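Across the two complexes that follow, chain A remains constant while its partner is chain B and subsequently chain C.
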Partner chain A sequence: MLLRHTPDEIKERKSLTVNPAKTCQPIGAMYAALGIHGCLPHSHGSQGCYAYHRSTLTRHYKEPVMAATSSFTEGASVFGGQSNLLQAIDNIFTIYKPDIIAVHTTCLSETIGDDLPQIIGKAQVTGKIPEGKFVIHANTPSYVGTHVTGFANMTRAMVDYFAESNGHKTEQINIIPGWVEPSDMHEIKRIAAELEVPVVMFPDTENVLNGPQTGKYEMFPKGGVTIDELISTGSSQGTIALGGLASGSAAKALDTKCKVPCEILDLPIGIKATDRFVDALRKMAGVNVPDTITIERGQLLDIITDMQAYFYHKKVALVGDPDQLISLTEFLVSIDMMPIHILTGTRDKNFEKRIKKITADIPHEVNIASGKDMMLFHQWVKNDPVDLLMGNTYVKYIARDEDIPFIRFGFPILDRVGHSYFPTVCYRGGIRILEKILEALMDRIDRDSTEIAFDLVM
Partner chain B sequence: METLINEFEKNILNADDFIKPEKVKEEILSRYPPKVARKKSKQIVVNRKDAENKHLEIQANVRTIPGIISQRGCCYAGCKGVVMGPTRDIINLTHGPIGCGFYSWLTRRNQTDPSTTPDGDNYMPYCFSTDMQEREIIFGGEKKLKEAIQEAYDIFKPKMISVFSTCPVGLIGDDVHAVTKEMEEKLGITIFGFSCEGYKGVSQSAGHHVANNGLFKHIIGQDNTVKEGDYKVNLLGEYNIGGDAFEIERILTKCGITIISTFSGNSSVDFFANSHTADLNLIMCYRSINYVAEMMEKKYGIPWFKINFLSAGGMSRSLRKIAQYYGDQKLIDRVEEVIAEEMPPVIEAQNEVRPRLEGKLAMMFVGGSRAHHYQEMFREMGMIPFSAGYEFAHRDDYEGRQVLPNLKVDADSRNIEELLVEKDPERYNPRISEKELEEMEKNGIKLKDYAGMMDEMPDGTIVIDDISQFETETLINTYRPAVFCAGIKEKYTIQKFGIPMKQLHSYDTGGPYAGYRGAINFYHEIDRMVSSKVWEHLQAPWEKSPELAAKYAFE
Partner chain C sequence: MRSIQILKERKRQIYHKGEEAFEIECEKKSLAGSVSQRACVFCGSRVVLYPIADALHLIHGPIGCASYTWDIRGALSSGPQLHRMSFSTDLQEKDIIFGGEKKLYQALVKLIELYHPNAAFVYATCIIGIIGDDIDSVCRRVAEKKGIPVLPVHSEGFKGTKKDGYKAACEALAQLVGTGSIENRGKYSLNIMGEFNIAGEAWTIKKYYEKMGLEVSAIFTGDGRVDKIKRSHGVKLNVVQCSGSMLHLAKIMEEKYNIPYIRVSYFGIEDMSKALYDVADFFKDNLQIMKKTRELVREEIKAISPEIKKYKKILSGKRAAIYVGGAFKAFSMIKALRTLGMEVVLAGSQTGNEDDYKLLRDMCEDGTVIVDDANPLELSKYCLEKKVDLFVGGVKERPMAYKLGIGFCDHNHERKISLAGYNGMINFAKEVFSSVTSPVWQFAPRKRGGYKA
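On to the complex of A and B.
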């Protein structure tokens, strides 16, 4: 047994976290910043932070993840990190020549209270920021919120620094995609293109973190939202924010700053959430939904119809981030599955409320928690076993110990590829999720059935 | 060891059409701001000996320049991740916000076999953290730490708990050592803390030192039981990445050598507690663990020397050195038997891959030791380790221990505690006398010695300390090596250049590479990477010949 010390008995823990279902803000800020074209994320703290964030993102994407750091030493920790950051800005623009540096703070620089706007101002007046280049920042203390908060804060910084109203509305819609994969961002843009709706997506990591092998390395790949596009978001007709926790803050900031109205929706995972997204986009842009999209929707429904027997009342345990889990739970309930353990490491009252409502009709007791860890999740599974586990790579230890089929979903996925190329959002993403569920469940049936009952046709 | 460098290698490096490394250094420095260039010029050294046959000096273990993309990590990573992480039966509790514990959770590929200790304890698949929140930053985190230790004890009943301080802990002034001492007295198990805040020192190296101090102060020497067995050694600085320690154990056991403790691959704190009963300390990763060896020598009289079990040649030489040290004919003969038995498949594998790899360049930038250890492995395939450097080494790792007396201790190193160690009144027992020591020196068995990496690299090779992203790109664009070795952060950047990249920190998904079977694995691995068909497909047909064929073009 890998997790051999996890007892069945659940004792309340007030201070000890075991096997976290979350990580810290800065990595989310780094991921969001990579979704700006020509951007070098910068970690204002000791260099261990950026080493860890780069490593984790690299393992998840199997792609170069570039970032820089202020490399705090003990001296900087005592006297403040201003000179480190000024020197870093100078060196970065001289050597690596990005269009923009997106600085995020860490627990270290937040604890000592470095004033980022002041330091960036100083860089500006001392000529360390070349003409036409930018330095932006987000405060991302690691002891507040989680990686999702960091993503939200950096996304919001894009609005705070760049969005500007040109006085009249441009015919375009902002889409804030939430913390999803480059493949998901592509899929959302594709749907908008099918509806012939011009959109600005930010952040946008497509063609940054799923780049091709060409034999040529480009430090700043062709993907990412441009500064001009970010400026133009202040003049868009409206904003659709997907995932309240990751995207809500930026959408509201745009409304306040530039009077761009917003709709904050769930991530379009599964049939109902995707319906809401497509419907909102249609209405906001005043367009018709083409048959191609309705056909995709029908294809997803077709699989659900045909494979219903395999989904019906199967028990599932889910661990991940709130925005993803709300939509995923709704999707699973909508196909007659029973998500009975649903846990996130990010503390969020709304999450618990929403999940409770979504699972209200499940004919089984449902465990819901936010701000808790994977050890508790494992104990739930031990006490009330399930047919399927869904979560990030760390769940494979539980899956192996408990011998339960497992689908990788969420962040980070350190041991498989595919998530950067194949979406899990919208109708086609729904098809992919179903394919994965069926594959996991049917492989188990094939493995466990007797020779007599072994079926060719399923 | 000049003999390791062959004529063939020298000829290639001295050929007229080989781009002179001095030019490359000049090119790199010209792109840096003056202040950066001044500092970097001392960290980039073209390896040439001066008139007195001495190496040029290299600057190492100095601060990373902010904004220069380096591959270094922090003090916490060195302490918790590298040295303490691979030990299975201790609860390693991170005191800080959640990130540090999360990122160091299972990411280093240290293998362990809990079935070899009676209690079977294994906490390595777990991550324990106090998950510090804003209120602890404001009001202090000692209460939460105390409570977390209590909860860990109540649920898991471990025999030992250690606590790792992250950046904010030092700043807000939590006294981790007082809390752990109090809890140790309360709970009656060994509990201690590490002041390994990320900002300490200039790299993970500071954390290795902090961890060494903790091991020495709190664990080593706890258990005086003398175990059965001949030729009792400790293996220091072997972390069992990809199963290296298993292969080394196999070979040493076959030779009749007894391993008392490995620091810290496949290890138990029970082994550490007992490790002062060994006769000899063998050091693999000199950078991360030489402090423990030095302290054990002073306190218990256990001598140490450097060995290298990576590469077949290194393995055999190291075995022979151990046998010579003991001077026992039985062991000397047994070691020769083992070498004779193990080598034929190794030679066969070398011969198999050599035609595809001979004369090709390899570059390696990792760690404090592996960038040196792997050079011989490449030579065994006929490849040329042309450029190398460490991420977090000190000057002695490059130039050898003779530079130690002249090393200046700067402000960044001064904040790492240097333990004052004295002879143990009861347990000090010099394993060899001064006279025997002299005798050994005469016979060429050097104890307490490390000649460093540069000594084994030919003239005209490039050594770079704390290599930056920009320097990496320049080396690749200039020399197009057949293979580049580094860590996960560099992995996919290098491969985008169309050059195979082998991780020498975590071994990608491979290993073991130590010992004889490991060497065979490594030869095949490099052969696979360099000879892979993928590199043939980089261009699509329409990129190779973009002109349109006339017969399909419309008029």
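On to the complex of A and C.
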């Protein structure tokens, strides 16, 4: 019933978004900031913003999500939020004692024109920031970009505030993982460890948002990149940024600030993109790819071979964030599926260009859009149905209305548990995606087959 | 136990029963920098109006506020589902500079043409209060053009607390109330207020009243319909639950239409029965109503008693912490947990007022910690100190309780199980029982003397 409110006929809508395929910048900044060890993200705005961000992140990761707020009042909105932020900084260091506060703005504080560097400077001068503690900031107006932009901006702030060149380059390589799950960050670090390449990953939410049950409530869990590590990124021999939109800006900033050369790659989702990542890492570090990785790649290839007969020209509709979708589309095309509707809520010209190129040889019309909403996505599916849907939690409505198999992929996933423990990146993540796809397709065949046809033969 | 620091400004928001009594400070803005569990004005308005299923809910602002509140509550509708869509004007930078009125107007007109709703609510978010869009005038123009009520909701996030959002919602509703016909309205009619039909709870309550021989005119706002709200001023009584959210509207209706109201709670055997008896008592000129009520209560209690006893046997002596939005809910919760033989050792709320906390203090045993607008550090500290077995709270508290190795029951929106009424008490008992006695806790480090990494 829910999405039966979607009409088939597509009409241009300029002033209206229905069922968004995006959300606002600050939540991305909050997620990125949680990837710094001992960091309390701080929302400089009304109380509701951070309550929503914390709730959404909590519902996705099923972990306590900590953040503070400037609790704007009417007064603050008229006279500026300086006194709120100063008081907040003071209170936070007194009660919660983080190593660092990462402040992001909101539409409210941006519009009234609060100057964060000036306020943070004032906090420094007036002794509100204890010795050895830090306050950093990112500007994340909600009316510009999307949650991905917010993630990118806060990641870049880590470079702007901390990266320092010590003059001589270390062996270390920086990896900026993009907005992926903690399990993905772990997987990327594991691959680097297999190659024996020392890396600094930032942000890094492993062990922050997929922590163990300890019987204790840790406001600041064990994981996260440390400030010393962030400082050292300026002396690394290179940076690999995964996902241009989420990680590109920080990588370029490192290059400009500390002359650390960077390679901006696609997220390593699927065999081709993972090959490019491993290859870039190998070249940058000057190491050989060990057998263990070759075997993993071979296993992925083996599984694709076992499954390929079932993938042939199956139509798929994808909705999500640009970095994820570029790699995922490439992966699906490489296993002979046909992604025919690909939509992101984040406006990005490069996205449309890349997807167009990747899908150029598909023998079917392909719908591609950036900066659009789930209503349009649903309309596409209505007008040209598919065999499989992939996207975040909200796609479940479309899946039910159109009776199409559905795999949860991306952010947020609110109605399932476990996604933050299994990677979808690199070779092993590829195997997991394939297992999910085949299961969804086969379950559907089983469900729909007659009693006579229902059997064990694939 | 590791000690935590509590700011002196917050010291009077935490009270240990048994200590010398003082008035708990409450209804203050959270301190800047606090990790409060509270939300904003918009959130208050949005949750109250959300269940009105045949109305259009358009959020005027940047995308976030619409994204985070898309299908946010399990408020069920028996018919239209328009309320579960997410509509936003999705303001961009140029709209912030040049104003969003034009966009709002176009969006409204387009949506009304597409969905033919019976009314439209337009929610103002923070930014609208800053850029100064005149949403009242846009709403008026669209209402004239389209011939349906278009109601501005002044819910700019920074203009107060969640409670102010409830008030803004009530004021929008008050514009609808009284605009429809009240012909044929019976002598024994009432409105159910402050019941949002999470997991179908309003339907349960409505059935009770109907069994008592009463006519339910409108439900505010569970499974809500515009037309019923318009005609809701013909009743003899408003029955208000969740007093924080709907009391304001009940007061407006009392003043304007001379409709008295009573406050009730539908949670737990004790309060549920009291609610029905109080309502029956109001209509005491009709002896049949009280008679039917007695029968209803007797039958319902008889039906659930054996099962409750079964749970009570095992849950007796277990300790619970509750942290709720409105304090009124806490009172019923304490009684319901006592029905199960459990003891409440920590009770807190986001938005309780002075009277609430006085009552809470009187209800609780010595040693109970009572806290206003708590942060997670405080909550976790007291949970461990008081050796809590169960935490009753909302979405942000669940993972914290689990990390500590404590059972959890959601009493907010994040559930599919009805907790209201007599059957709801069984559901509640079952949920508490399954969580508290889950075999997972045998592995929990807390029970095994601490986790060693």
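Here is the rule we use: the second predicted complex is superposed on the first by the 457 of 458 C-alpha atoms of A that agree within 3 Å, B and C clash if a C-alpha of one lies under 4 Å from a C-alpha of the other, contacts with A are read in each partner's own complex, and residues count from 1 in each chain.
The criterion applied here is as follows: a residue touches a chain if its C-beta (ideal position, glycine included) is under 8 Å from a C-beta of that chain, and two chains touch if they have at least 3 such contacts.
Because the structure is a prediction, the values reported are computed rather than measured.
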Overlay on chain A: chain C relative to chain B, clash or fit: clash
Partner chain in contact with A:74 - chain B first, chain C second, else both or neither: both
Touching partner for A:214 - first (chain B), second (chain C), both, neither: both
Partner chain(s) touched by A:195 [first = chain B, second = chain C, both, neither]: neither
Contacts of A:58 with chain B and chain C, given as first, second, both or neither: both
Common interface positions of chain A, toward chain B and toward chain C: 2-5, 7, 13-20, 22-24, 26-27, 42, 45-49, 51-56, 58-59, 62-74, 76-77, 84-85, 87-92, 94-96, 106-108, 111-112, 141-144, 146, 211, 213-219, 394
Sites on chain A touched by chain B in the complex: 2-5, 7, 11, 13-20, 22-24, 26-27, 42, 45-49, 51-56, 58-59, 62-77, 84-85, 87-92, 94-96, 106-108, 111-112, 141-144, 146, 211, 213-219, 345, 375, 394, 397, 414
Chain A-facing residues of chain B, complex: 31-33, 36, 63-77, 93, 96-107, 120-123, 125-134, 136-137, 144-145, 147-148, 151-152, 154-156, 166-168, 170-172, 197-204, 411-412, 415, 469-470, 473, 487-489, 491-498, 534, 538-539
Complex interface listing, chain C residues touching chain A: 4-7, 29-43, 61-71, 81-82, 84-93, 95-96, 102-104, 106-107, 110-111, 114-115, 125-127, 129-131, 157-161, 375-377, 380, 395-396, 398-400, 402-405, 414, 444-448, 450-451, 453
Partner chain C, residues of chain A touching it in the complex: 1-5, 7, 13-20, 22-24, 26-27, 40, 42, 45-49, 51-56, 58-59, 62-74, 76-77, 84-85, 87-92, 94-96, 106-108, 111-112, 141-144, 146, 211-219, 222, 394
